[in-house]
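Have a look at the structure below before the remarks.
Order of writing sets the chain letters: A, B, C, D, E and F. Residues in each chain are counted from 1.
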Amino acid sequence: MMSEHPISKYPVPELADLPEDIRNIMLAVQEKAGFIPNVFLTMAHRPDEFRAFFAYHDALMLRESGLSKAEREMIVVATSGANRCLYCAVAHGAVLRIYAKNPHIADQIAIQHPKADITERQKAMLDFAVKLARTPEAMAEADHQELRGHGFSEEDIWDIGAITALFALSNRMAHLIDMRPNNEFYLMGRVPPTKNN
Amino acid sequence: MMSEHPISKYPVPELADLPEDIRNIMLAVQEKAGFIPNVFLTMAHRPDEFRAFFAYHDALMLRESGLSKAEREMIVVATSGANRCLYCAVAHGAVLRIYAKNPHIADQIAIQHPKADITERQKAMLDFAVKLARTPEAMAEADHQELRGHGFSEEDIWDIGAITALFALSNRMAHLIDMRPNNEFYLMGRVPPTKNN
Amino acid sequence: MMSEHPISKYPVPELADLPEDIRNIMLAVQEKAGFIPNVFLTMAHRPDEFRAFFAYHDALMLRESGLSKAEREMIVVATSGANRCLYCAVAHGAVLRIYAKNPHIADQIAIQHPKADITERQKAMLDFAVKLARTPEAMAEADHQELRGHGFSEEDIWDIGAITALFALSNRMAHLIDMRPNNEFYLMGRVPPTKNN
Amino acid sequence: MMSEHPISKYPVPELADLPEDIRNIMLAVQEKAGFIPNVFLTMAHRPDEFRAFFAYHDALMLRESGLSKAEREMIVVATSGANRCLYCAVAHGAVLRIYAKNPHIADQIAIQHPKADITERQKAMLDFAVKLARTPEAMAEADHQELRGHGFSEEDIWDIGAITALFALSNRMAHLIDMRPNNEFYLMGRVPPTKNN
Amino acid sequence: MMSEHPISKYPVPELADLPEDIRNIMLAVQEKAGFIPNVFLTMAHRPDEFRAFFAYHDALMLRESGLSKAEREMIVVATSGANRCLYCAVAHGAVLRIYAKNPHIADQIAIQHPKADITERQKAMLDFAVKLARTPEAMAEADHQELRGHGFSEEDIWDIGAITALFALSNRMAHLIDMRPNNEFYLMGRVPPTKNN
Amino acid sequence: MMSEHPISKYPVPELADLPEDIRNIMLAVQEKAGFIPNVFLTMAHRPDEFRAFFAYHDALMLRESGLSKAEREMIVVATSGANRCLYCAVAHGAVLRIYAKNPHIADQIAIQHPKADITERQKAMLDFAVKLARTPEAMAEADHQELRGHGFSEEDIWDIGAITALFALSNRMAHLIDMRPNNEFYLMGRVPPTKNN
């Protein structure tokens, strides 16, 4: 499961040593994905923060929303690319490819979202997210108006902003501990699941 | 409790309409502080996010740590000043003045922490935090070494980074919704308690 | 009069050793304010520069103008906040609170002027000032047009720009010599005069 | 004396209409230089500010100093180049060429001072000045130590900083009013005096 | 050969209409790669510039050098990532994966080269290249010394700098014309040619 | 031909040692200009790159174009000023003065092109060029529209962008090798030809 490179600057607990609720979360994700993403393993160094982080994540990423799941992952990939966060860009890039059923979109959004094969509405969403991610002090009412003009509701805008904010946290944790993406993520969603090429 | 200005771009729920666990948190903080800080009222618009946010906050700000509570608030004030977040700079500035028993320290740290009346060790802590807050992509092992040279443990460094990361989230939420500080915060900790409020 | 911390990297002259005109200025300000602001004491290290500086200051800050005295101090506080000048933000923040009879306005303007409790016209004035302070090379005729659209006269615009320019000088002198604000400034204008001083 | 282009966005007073002290200053500089530099004509729109500006200028640029007059002009040219101030770069570039008896030095310093034909000590002086000009908030004791290591005295450092500060003001006034350099400055000091003009 | 999206803002010539030398270059690359990379098709809009560009490219990328071919592609990927050039990051990312026989390295270098699985020497090479790419004005002799300390020869340093310079050109052409990467590049080098995983 | 200062960090070949085609180019330019510009001498260290560079240069600077030769040099001077490239700003400044028959225009454009004595159309051209030079990732269709609004054709826009791109390369080579301008350039075009040289 781990490469020869450490996946964190900090100790990574053994599954057997973890509180049961956290171990159960890990086993569930392993069951579903076939491996445990390193963010689970590395954040488990601090169980209370682990619980709060994934509660926050699920509150935003799993809720009913005017944004599709692919759109929510676009926000993660665009802002993580802007913050040059290797873990989040690679891991959520994989998830985005799968949700969007598009093998090219994650690279496009991570590198230069204005030229990605997405709608103008989605580009406006990512402009807002990247501005909030990089220069939060510059946000103004005009930025909200721009999103409303593309048909986003007030709750959609909260979702866009809150996902950006959560990954502002997540990107900084990944930079802090040198979180390394699992090798599995690099190829996920690039080739059809049953066969290749 | 509210000034004539709105405290959020979003609806602020009535206490009576809130889930009981959230209402109880609010009543407890009101009991202790004499008022409900606006971050509680405005974040309650999304109960699940409210719960995750304050769970994260308490996991970091209330835990046993090599950092004093005043030092943790210094990190919040310095990074919120760097991010020009009015709510966090004013509200946590008040808390910092009280914990540090120093009426000048919050203004000094919010405006220019390298010239504040704090120790060299604390300045190194804030240099690390502000760098992670503003240019997370630039963090390197040398930054960790610098902190170790000032006697910070690995767990202390996680605390410094994680508090910075949480307030990277919090500052962006405040910018997103135009969160307004309660008037009470501006004066708290500036005058001896017997002469004030 | 002085705290335990030095108020300048440079020698601070004794009043008795100063040229009579400079000493008289100091005694007059002490009579009025109850203490001598450190900018007078520290700049007196160079009497000719002292005289030119305060002549320039008075020419702009005391003249008849379309800008109120509070508005002129807003410019000082906003640009000094942008330049992270502790002396000017704290000392002129105090003066601004008194002129504006508003205990919150200085913190709001120093940290994030676009969200301060001021008029749209005043926000436009501060946008112009902060742009000139931080990126003078980017100023264009369109910036002047914006101010004219808010009803500022040509002479008002000169005042806005010239106050910004003078405090570009002043902020740099303060950074150069590590000028420390008097403790008195931190609380001035925050509590009604009968309960304070 | 004036080109077909306006030399300021603001009215330029006639010599006959000026206060006598200011007119005398203009006549003296015209006598010496053969023309009146536009900074005199344009700043005379506000006589009190004119007097303070030139008093400050003379206090710094004419005083006894450990810096030569050419070195003082180097500071003006380097920081005005960094601030992209056309008037100051062109006008003081001319003065620098004359003081330094070097026809290439002003272009070198305005464009890229680290590669100019000057001493390492002078490059350190200009590094300090340009840092103070562009990012005053980043100045630290280490910058002063660097200059001391090159043999600059404390008073020399004040001179370097104060000249930088004065031209931070001057550059912003020039940007504010679109001050235009006199055509005479472009060629001054580029050819031996007997073959030129 | 072309996706449904245009590959350039400019007309893309038909092979039949091209000068023979250019058509032969295209046929040769198609023979070798199985498709014609879009940079050939789009730059052919200007045959003389096409010839000069590929002559420059081959002079640097095919010459004998102290840098391996993989290292030269690392420079292209790192600087193109820094410049957010989609075409170059994706197309040269593919070439890098193939030369380095490493399916993860291109994503790592494009997003955050300091955390890539490469040697310290290679990281120093990329630090130099990215600095020259983004802030050429800041390059100093110390940057050359750093490379010499890692064993790079003077000619190696020229190669590093010149490849960076050529892709400074290339990235800007790609941004100018909205050059689109061929779909083929996204997957190249990610799976073994004969089988997958 | 060479000053006492080295003109490159790298060896400068003797004319006698150069391939005949390159020597002939040098002799031709010497015949025409009266001296060999240092870019020819320094780039000859790598003959293949020399040939590609000057082929690219001539393809853009000598072609039939909607841009005059003076306008093409304006692009070089503006972007080289923005990149603080001493060689290109000084050498191409000389060429610009001669083509434009204007002794002031190069200094104006190198320091602050928006205030130069050029047309609004030319200012728009330089805004586009400087944006592409410094922040290529920010270029958008709106920038092209702005140029079209000033009457530039699609081919004109390619010329503007491609000249900018070529000098992005050239400026980086000059920074890499510390290319020094010939002394002759500083005065060229500043005085009428009969009185100069």
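In this section, a residue touches a chain if its C-beta (ideal position, glycine included) is under 8 Å from a C-beta of that chain, and two chains touch if they have at least 3 such contacts.
Just so it is clear, the model here is predicted, and its values are computed rather than measured.
Enquirer: Can you name the chains that touch subunit C as well as subunit E?
Expert: Both subunit C and subunit E are touched by no common chain, going by the contact rule given at the top.
Enquirer: Can you give the whole-Å distance between the Cα centres of subunit A and subunit C?
Expert: Each chain's C-alpha centroid was found; their separation is 45 Å.
Enquirer: Let me have the rounded angstrom distance from the C-alpha centre of subunit A over to the C-alpha centre of subunit D, please.
Expert: Chain centres of subunit A and subunit D, defined by C-alpha means, are spaced 52 Å apart.
Enquirer: Return the distance between the CA-based centres of subunit D and subunit F, expressed in whole Å.
Expert: Roughly 28 Å, centre to centre.
Enquirer: Counting only residues that touch at least two other chains, what does the list for subunit E look like?
Expert: 84-85, 112, 137
Enquirer: Taking chains as nodes and touches as edges, what kind of graph is this: line, ring, star, complete or other?
Expert: If you draw each chain as a dot and join those that touch, you get a single closed ring.
Enquirer: Given the touch rule defined above, the chains close into a ring; going from subunit A first to subunit B, what order do they follow?
Expert: A, B, C, D, F, E
Enquirer: Would you pull the subunit B residues touching subunit A in the complex into a rising list?
Expert: 9-10, 45-46, 48-49, 51-53, 55-56, 59-60, 63, 83-85, 132-133, 136-137, 139, 144, 154, 157-158, 161-162, 164-166, 168-173, 175-177
Enquirer: Considering the complex alone, what residue numbers of subunit A touch subunit E?
Expert: Residues 5, 81, 84-86, 89-90, 103-104, 107-108, 110-112, 115, 117, 178, 180, 183, 186-187, 190-191, 196-197.
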